[in-house]
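In what follows, chain A forms one complex with chain B and a second complex with chain C.
Right after this comes the complex of A and B.
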């Protein structure tokens, strides 16, 4: 018995120390964002993988290098390869530590790769990987991904991936002008029948400070911001949506939350009234009549008066009713514009096909093959009902009419 | 009787739950999504529950015919010595073969998800060694250990559904029965085979301290499993959609990986898996125990303990060669295993019961 006990202890020592897969934190290169590009080198198509690696030692702030220059708390490492996974593995050859993907926040795919090859092969690579979580956000970079990493300097946080993750998670919902899915959402739409995926879009801008400063700076300052959204036809990038078009999209997919819609009052030359969105709910109602498919969108939007720069009375309920009609017409137009644009791209980003499939599975069987054609001239009716709940802390506008 | 240990009816119920749940949880959503698509939950909730109830009824009826004997003991009495002993031998094969698959599943899962560089043999050795220790201590110890683990298992199974509740879109389950009932029937084969694993009752019913309560206990286990597995499948398809679910190798794990409650509770997969491994150990120990006990009985030994090591070695070797890659494993558990399972879980026990009833064989009080 005693012998057995000691034997067990020895076994425990052997087996519980986990010697094979031990990964100490100081032996990891923790990746914050992963990027992919397609490039042409000497006339040959190659792929580039980029890892945005944190340097925890420099993240405390104030760490200085030998020449007194502050070291960046991140390391952008990129490698070329024959295939995506080849390129990705080549990064490991550059890194002194084990490339660790479990804390990656986002995946960024270059425009050319998305347009020519499609994002499906990137998704296959990533989902096969055990460490990458499906919570990663998916952005498409305008131009090359490498440019985003190299030129996009974080403005507030110490690293770009933290900054973009923060913007995506906390700020985008209260602006409702851009859309970014996580990898799961994207792959779901990619695999679903009757739905095309949408990804986020990243753009590099010069900072306003840079624009106003005198010319001749050595390193031009720039920043990265999500704008609008990227529309896919199946796995390939079909085009972009602008900020306002994305808002129409957000209304349809029930993701429009808080934001400001600038509006023109009748008989006025410029936007001088803003509607502050608070919540919105949209129902997609497909209907089939004599082989004729149409979609009705029922939008219920609520909000408040954000600003009123014209001396319009807001004291009576009737005044509010007039504004509500105005807002409803504007939202309707927003949605119409987006629907038209995606119909031109033949990309069913709203999942109208899926809605038909769910309600009329028998009809869907016959039209599934030609859905893309049907979609491009599908009749979409938009009904908007708006409620203005309040006028904020003041009722009648402060504006003084000039005479 | 070789093992004098006693378990209560509630311990039996919990044992059967862990027995089926620990592996079914991991593979069922993907396997059913592959054949039944978004209607997979129906395969699990309705058809395989009916199958499970049928197995429970047959097994407990046999248990009532032969209250103090297990299948190895009474099958020669029912079918005559030659055929009866052959059937007993085939059951021994079934227990060890199934266990080899389970041990392999465990090792491959650990390699695929957590510890890719660790040699496969290490996982196999550890789990079989642990199970061997449990088997050596007998059924009573396994039952009590499982009783202690069960709340944790339940929290991990149902907690997972809570983790992803914000991401579940029930619309992903529509349209219902798009391709008719046929895919649902086809999809119900693997989960039925799983649920039928409660056939291990044929070996452990004699150890029940109140034999009359066996039937109720097994019915509870089958129905409760139906509910938990259905919730799990609905959560998986609700989050990932039927297409993506069928692409995933381990949907349950991916779900745990994806789950997030508020921003505080995320990356819970390691905790979920910790509990899962414990449940799996119980499952392996149960099959191991039945295999060892059956073989000892078959050879008419006085003690089953000397057989633990040889069968453990067979398990280790067999689980290393039973399939060559993960797709072969999926084929094995979704296509081949059901055939064996239906034979051993329902066909033979039902035949035994019918013949025993006709020939009016009843187990006397052996002691």
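Right after this comes the complex of A and C.
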């Protein structure tokens, strides 16, 4: 009898305390991307949070709309708030369903917020929030984030966040021109000593200026694409890297994968040879001599002949050797350019400081405070060794003999 | 307060309880030498039994001796009766010299030794025993002037032909199944195991039904303690009727409060034979094709006799497949409910969106939806069993389709729920053990409740509870989870995987340890050395 009493108590526990955090899937507003901006409203600085919410009913798979008209499969909702968290919570007040951030693919931060306040606030929110995952990609929007969401129309997928997630996943390993870290990587570089973080960059194209002269009567459309990267000095945005500069950056941080490097052969007015990158490995070797710190970058790059648009023979090993030297010089130039630019920004995105810290911890203790100054005129020597492994399916270029 | 309510309820229940079992003890009367008195006794016993046939006749020539037979019409082979018992007594007895001198004093001996041309006879001098025997289909022969009566085995009743068992169909393997006739059933086993070491002990259980219950085992393979345990548990049963082996199962199982059966139930003779050879004990009950096998362990839960006939790679694959199916059958709807209502972050985004779009406009929470569909499915399944055979399957499948389809179009349930429930239903039918499938189907519901209340945590709680329960279960003293817990590695060869026959040398440790080795070692087939071309010419090299 006592047994029965306790059993009934257990059942009471189940049906009184259970279910308290139960949320049905159709009660969720599934957020695909999250954005933050800094705005000035009536002279006051406020923050804006933006959620890009999926509308499953419009995304196919479900029953077809009875009335025949197709609605956009997403909903962009933004709210203002005194703090980032306040703004983010205010979105819930606008939504008929629970705002569910666990499926967010990316976080987009506006340029002004990143430049003036720094992204450390955003990172604090992201890491503290129970739903947001560290796997979110981190983008810095050129201009305002809201514009990205409102103007950026998806072209292939049905929603922008899916499209951007797909592009981001593929652009790095296949093109090697952009760099997009996830929140975890970004926070790691943000907190590491002797390293400054880099985030992805989003731009809306065509720009408003280009759009101001519409062609014909067509409604102007604009789209979003990731380009280059955003460079930070500590937590604040310091500047942008272009696509080619980003490639130099990728070479140094060992992330350069597959991509095409166009080259000019000697005595050619324009690029007529392309090197197909396959593999690259870089060693960062710091050295301290008489208080003089310098960095040596040893790059080993491998690749194939992508195209040869000139009638240069590729049959002999000597021919290949010549090309290899050419490619090595080009890669060296790429890296040099990037290093110069970041030295001007005083942003040690490569983690040279970290390398020094690892190899000469005692030296680092003394120079840690003034590392930024040291970095900006640091001696960086680049040594590139290139190997052309193959010429593709054919060896010699196609030559059409004129008769 | 709750305690008081319980007390009152108990009192109420107690008030109804005290009645005693009806005892109809018939006085034990010995037979007398006076035939008329004996006939009178038996007639009193069989009063109003219209199927009991009584016939009086005379034996011998000049001074005939009176005789009488009793039998139950329909249970005896009448042509055998007339050929073997009536004809020689009434006709042949006149022509033999010796029988001329037949009188009431020597009649019994002459009839028994010289005249009855029938195989099995039993002698008795008790009226009650005689009456009991008549009820089993024998014929009672009473002679004037004798205190002994002869019981002639003329049993022969109509029984169903041997058919393929419907509950345990196989693709490869024998197609015969047990019938309701226990003699046919024991013959099935004897035909498979032709050794005198196969013993079958008989017991009569049920004060009214007096059902024959056979205990089958192979001597010196079986663990004697298990046989002794079966005997004592069976003899402890005190009931008026045993109509099916299910009656016995519930009287003799180790743990009554559990959804899991602790006895294997089968109507396949090959399965019983295989079990006996592994040291199990079979309990056969008259009037049912379902035979009980003990001890029952978890590997049998997932094994079909076919696994031993098919090639071992395939058998292994199928067994692993059944484990997957078991997990789906047990956890399918509950995992769906738990994940969709508590752990949406676990679903890949695109799947989440497609679930969300299919759930758009569904009025019920996933938990209610799951219960609704599961109950509907069980109703359809039950209806399919009850419906008249020809329309049964058609109605149940069409019903399932129509109800599933219509429910989705009416936006009562989401299409994904129909998929989950359908998959679960199909998976639950892959469990070969009849009782096992029932248990799995039953425990699915509490797990759905726990999943609906506590999410995946609830499922883990349920799984742990089931695991602890299974660890505690025993079947006639043998742990249910053996050979997993306690572990006996050698027996794992025939559990979740099946090793080839030539690699399984031993019987299961728990049941067959008395004679563990069942076959010779190193019987792995060997390829003969390659034949040389010149062999044919030079022939007779070995000779």
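Heads up, the rule we're going with is that the second predicted complex is superposed on the first by the 362 of 403 C-alpha atoms of A that agree within 3 Å, B and C clash if a C-alpha of one lies under 4 Å from a C-alpha of the other, contacts with A are read in each partner's own complex, and residues count from 1 in each chain.
Just so we're on the same page, a contact is a pair of C-beta atoms (placed from the backbone, for glycine too) under 8 Å apart; a residue touches a chain by one contact, two chains touch by 3 or more.
For clarity, every value in this text was computed on a predicted model and none was experimentally measured.
Participant: Should A:336 be classified as contacting the first partner (chain B), the second (chain C), both, or neither?
Facilitator: So A:336 meets neither chain B nor chain C here.
Participant: Please work out whether A:225 is in contact with chain B alone, chain C alone, both, or neither, and reply first, second, both or neither.
Facilitator: neither
Participant: In the superposed arrangement, does chain B or chain C reach more residues of chain A?
Facilitator: Of the two chains, more chain A residues are contacted by C.
Participant: Considering only touches as defined above, state whether A:134 meets chain B (first), chain C (second), both or neither.
Facilitator: first
Participant: Of the two partner chains, chain B (first) and chain C (second), which one does A:21 touch, if any: first, second, both, or neither?
Facilitator: It touches chain B and chain C both.
Participant: Quick one: is A:57 in contact with chain B, with chain C, with both, or with neither? Answer first, second, both or neither.
Facilitator: A:57: touches chain C, not chain B.
Participant: In the superposed arrangement, does A:255 touch chain B (first), chain C (second), both or neither?
Facilitator: After superposing on A, A:255 lies clear of both chain B and chain C.
Participant: Under the stated touch criterion, which partner chain does A:361 make contact with: chain B (first), chain C (second), both, or neither?
Facilitator: In the superposition, A:361 touches chain B alone.
Participant: Classify the contacts of A:191 with the two partner chains as first (chain B alone), second (chain C alone), both, or neither.
Facilitator: First partner only.
Participant: Could you list which residues of chain A make contact with chain B in one structure and with chain C in the other?
Facilitator: Correct list for chain A: 15, 18, 21, 102, 133.
Participant: Name, in rising order, each residue of chain A that touches chain B in their complex.
Facilitator: Listed in rising order, the residues are 11, 15, 18, 20-21, 102, 127, 130, 133-135, 184, 187-188, 191-192, 357-359, 361.
Participant: Taking the touch rule as given, give the residues of chain A at its contact with chain C in the complex, in rising order.
Facilitator: Of all residues in chain A, those touching chain C are 1, 4-5, 8, 14-15, 18-19, 21-26, 28, 30, 32, 54, 56-57, 59-63, 100, 102-103, 105, 131, 133, 162.
Participant: Considering only the defined contacts, which chain B positions touch chain A in the complex?
Facilitator: Residues 112-119, 122, 125-126, 129, 167, 171, 174-175, 178, 239-241, 243-244, 247, 254, 257-258, 260, 266-267.
Participant: Please name which positions on chain C make contact with chain A in the complex.
Facilitator: Checking each residue of chain C against chain A gives 2-3, 6-7, 10, 340-342, 344-345, 349, 352-362, 365-366, 449-450, 452-455, 458.
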